[in-house]
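Two complexes are shown next, each including chain A; its partner changes from chain B in the first to chain C in the second.
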Partner chain A sequence: MKKVLQVTLGILTAIGGFVDIGDLVANAEAGARFRMNLAWVVLVGVIGIVVYAEMAGRVAAVSQRPVFELVRERLGPQAGLVNLVASFFINFLTLTAEIAGVAIAISLVASVHYGLLLPLCGVLVWLVIWRMPFEWMERVFGLAGLALAVFVVTVWKVGPDWGSLFDAAASPHVPAGESPFSYAYFGIALFGAAMTPYEVFFFSSGAVEERWTRRDLALNRANVYVGFPLGGLLSLALMASAHLVLAPRGVSVDDLAQVALPVAVVVGKLGLAAVLVGIFAATFGAALETGLSAGYSVSQYLGWQWGKYVRPREASRFHLVVVLAILGATLFALSGVDPVKVTEYSIVLSAAALPLTYFPILVIANDPDYMGDRTNGRLLNAIGFVYLVVLVVVSAATIPLMIITRGGS
Partner chain B sequence: MAGRVLYAGLQLLDRQLVDRTGRLCGKVDDLELSEPGADGNRHIAALLSGPGALLGRTGHRRLGDWLRRFVAGAFPDGEDPVRIPFTRVAEIGNHVTLDMDSEDAASFASERWVRDHVIGHVPGSRVLADQ
Partner chain C sequence: MRLRVVAAAAVLLGACSSHPVGPARTFGAYEAKAVTTAESAVSSVETVRLAAEGGDDHGGFGPYLSVLVSDQEEALAGAQDTFRSIQSPNEDGDALGAELDEALGSALTHVTEVRTALRRGQLAGLRDVASPLVDDSAALKRFVEDHG
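Then we have the complex of A and B:
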């Protein structure tokens, strides 16, 4: 059992990264609009995050240096600052959407307008960060997020022709009536969602919080190989359930309640309960991940003491950044912004900032100063390099596509 | 440490400073070089740490100077940048370990201020969340 619980860092990171509010909506929307034609992007994204999260976790375990320290160390103060500002902004948008997502999840049960629940949710997120031990955070929210596996049950209960489902996913094309630009835009959104930078900030900082050392390299691999593919599987199930249930009925997805619709239709009340628990846990987990990442990135850039492994008063500036980020995000959500739009922009923009985060990881994972004999092998470097090229192309294409498609509409 | 050749730009600048108890305490934001010796070489005299030093290095010297004056005014015990004589450096690896306590080290004044005026007043700030 203890062994099973040790992979919860990977599971929480992946649940927060793959099936948080933005991905819930993006995957369901992609399934309803593009059927299974974008499934391959999820697969490409999973491989990419597995490759880079493994490197980031290995660097953290061997050298105790988390990702944003590497960013500053390799990009220097100027480019590092550009990355800090961009990541912090994206992270802030995501945090806003997650806090709103938690409130929406509760409001679906409590029949209170979600706006009224926002302050409560902001306080809850902060309280958990302030008081709950790091490992418990992982276990409670990572494992409860697995309730989203009900989407797998949904797909299985619909009993699709598996052969044609795989064929549809394996021979992607732009569906009739959709422009190639919006197809590409949604592809980038899914890719950006799979590889959001806060996942590696959180994962590598979490490895330091849990005091991983060289001896934990197998644990690092287990976390990465279990957590992220699981997150990818859930997001594919989400996409497939929308493709099977919503698309034939001509339903399009534009809010969180519709994401749960296929489960409610196919599995019934018990399924709906599981979805609500899963959505609550996933958005709450992602709020923790992004709230902490706000503190991690700023502190690691400036060299401040950070983390939950010391008493809060010994990492005062870190905790101050976290509190201010949560407060600001709650106020921003209260201003009435559409949380779904906010996440859509945040995942697309994160695609634009990806190379600045992943390049330093690749360089340091090859530096014997940091890694000793645990540097990357040739194959890993080849894959890492190919992904870096993809990341650069994607980041260059993002903003133009956003303008051409007017945000995917 | 004497005589070790380092590529200071690559192996020293922007690295994490860690105090003797393992606490994180700033970055190597800039370096102070000695006057050229008999052999004409300059040596590293001190590490400089703090936002003022960082801004000076990235070419925002005026902003850096302003920040330095601000820190000196706002935090009576504050000093920016903090100058750490090279003799207080215990070890250079993927981070730089200092032979001193973080309380005396780099850019600690703002940490102390936030601790004493904000975070220290919140219930539970003295309790470790772990276990």
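Then we have the complex of A and C:
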């Protein structure tokens, strides 16, 4: 019974924790501008993250070592360094966007400019990382993130013609007035948002923090195979609500407050309260994950002691990296950069760096020296390989599309 | 080598930045910038209309609506300022610019009225306060259709 409860809680946490500021912005923007014509990308992205997160969790549970440490050992320090630099940079941008997202979520309730709240949010993120136990941290914000299910309620309350909604998603095309390049650019943004690299680094490091073993492989599969797809459903509901409420009025999403507007209009006060809680939890939870991921990646690459379960005195360099990353991200957000633009660039650049993250995972998940009898099966390898090809194509197309479309504008 | 990297980064950033400000050398280029500005203004105006409808229908959530409308007011004013800073290439451009400026000015005035009502906590009747935005939105959409 305890095991069932643990698995259920893990799944709920995975659903609530799936959406971050990148998903919020990218799905709402795509729904408002391209309607349901990019829904298929969410599906492709969710399958990709499911395949690779399962591998990363399995690698961590079987080897009891996180992915980054194994990447350096298996592929050598140079390849590991390229991976580290790219991941750290993107993670830093994501952390900036998440901290700004937390500040914006609070500002929507407090009616204070979000810039004034940024220092407080940076300190709060650090305090929670410093003081709150890992499991609590994951559960509290993951479960509170479930409030975003109000987007499903919104879509249901609008009462769309479900057949035509499904048809719109199933027969994608470039809408009139949009160029194929913009369509491809936003497709890449959605793909990057679904497969953000920090998700797998955090997932595998978290598995080591929680001392997963081979006995936890069922929990890994439940989180990934059930929790992530249901989290993807939230992303689709977000897109559908923007498609149904914002697109017909010609509204394009340029700030986080507009993401909540369909809920405010359709569900009312209670719905708005839920969506604001959900946005706060989603961005705060992701700020914790990206803050920790900064420390995880550097410490694991350099072979330092790391983790929340290790006494801070023994993992001082890990904590120093976390503090510096949070401080740097807060200062960057305070410099006046547009949080939505930072989010867009972080997810698009994520897409450009995806092969660097996922190729090593595929290699290690096939190495019997690390995995024993738990290496990938043929089907998983086939899917993993197809995705790797997709990732390389996406990666090669990202920067040219960014230039051609002027950042999707 | 380092210089090349910096130059490449600068070119990339420049190429990716939206709403470029600068002279429009031809009427076509000026018109295209005007249409982009009008489209962005339609988005702001319709956002404020939706916010007003939500506030009126559901009793709203004052602080949220207030921030949302303020952001749109700022965006609209920014779009107007940015467009004004683009030099018109000829007399046709002057007429086009004046037409858009008038539409933007009217929309901005009415958005400010909605923001003021929200600051005063006047959620009931917000839809009425926002009603002039219907015409503003229609004018901007017409502008996009005529020149797009």
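Here, the second predicted complex is superposed on the first by the 391 of 409 C-alpha atoms of A that agree within 3 Å, B and C clash if a C-alpha of one lies under 4 Å from a C-alpha of the other, contacts with A are read in each partner's own complex, and residues count from 1 in each chain.
By our rule, a contact is a pair of C-beta atoms (placed from the backbone, for glycine too) under 8 Å apart; a residue touches a chain by one contact, two chains touch by 3 or more.
Since this is a predicted model, take the numbers as computed values, not measurements.
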Query: Of the partners chain B and chain C, which touch A:D255 in the superposed model: first, second, both, neither?
result: second
Query: So, does A:L108 touch the first partner chain B, the second partner chain C, both, or neither?
result: second
- prompt: A:L276 contacts which: chain B (first), chain C (second), both, neither?
  reply: second
Message: In the overlaid three-chain picture, which partner chain does A:D369 touch, first (chain B) or second (chain C), both, or neither?
response: first
Task: Applying the touch criterion given at the start, work out whether A:W304 contacts chain B, chain C, both or neither, answering first, second, both or neither.
output: first
Statement: chain A contact set shared between chain B and chain C covers none
Chain A partner contacts - residues on chain C that touch it in the complex: 12, 15-20, 39-40, 42-43, 46-47, 49-51, 53-54, 57-68, 71, 75, 137, 141, 148
Query: Contact residues on chain A for chain B in the complex?
result: 63-65, 69, 72-73, 76-78, 80-81, 130-134, 299, 302-306, 308-314, 316-317, 319-320, 369-370
- request: Going by the contact rule at the top, pick out the chain B residues touching chain A in the complex.
  value: 11, 14-17, 23-27, 29, 49, 51, 54, 57-58, 93-95, 102, 106-107, 110-111, 114-115, 118-120, 122, 124-131
Message: For the complex, give me every residue of chain A touching chain C.
response: 107-111, 177, 245-246, 249-252, 254-255, 257-258, 260-261, 264-265, 268-269, 272-273, 276, 345, 399, 402-403, 406-407, 409
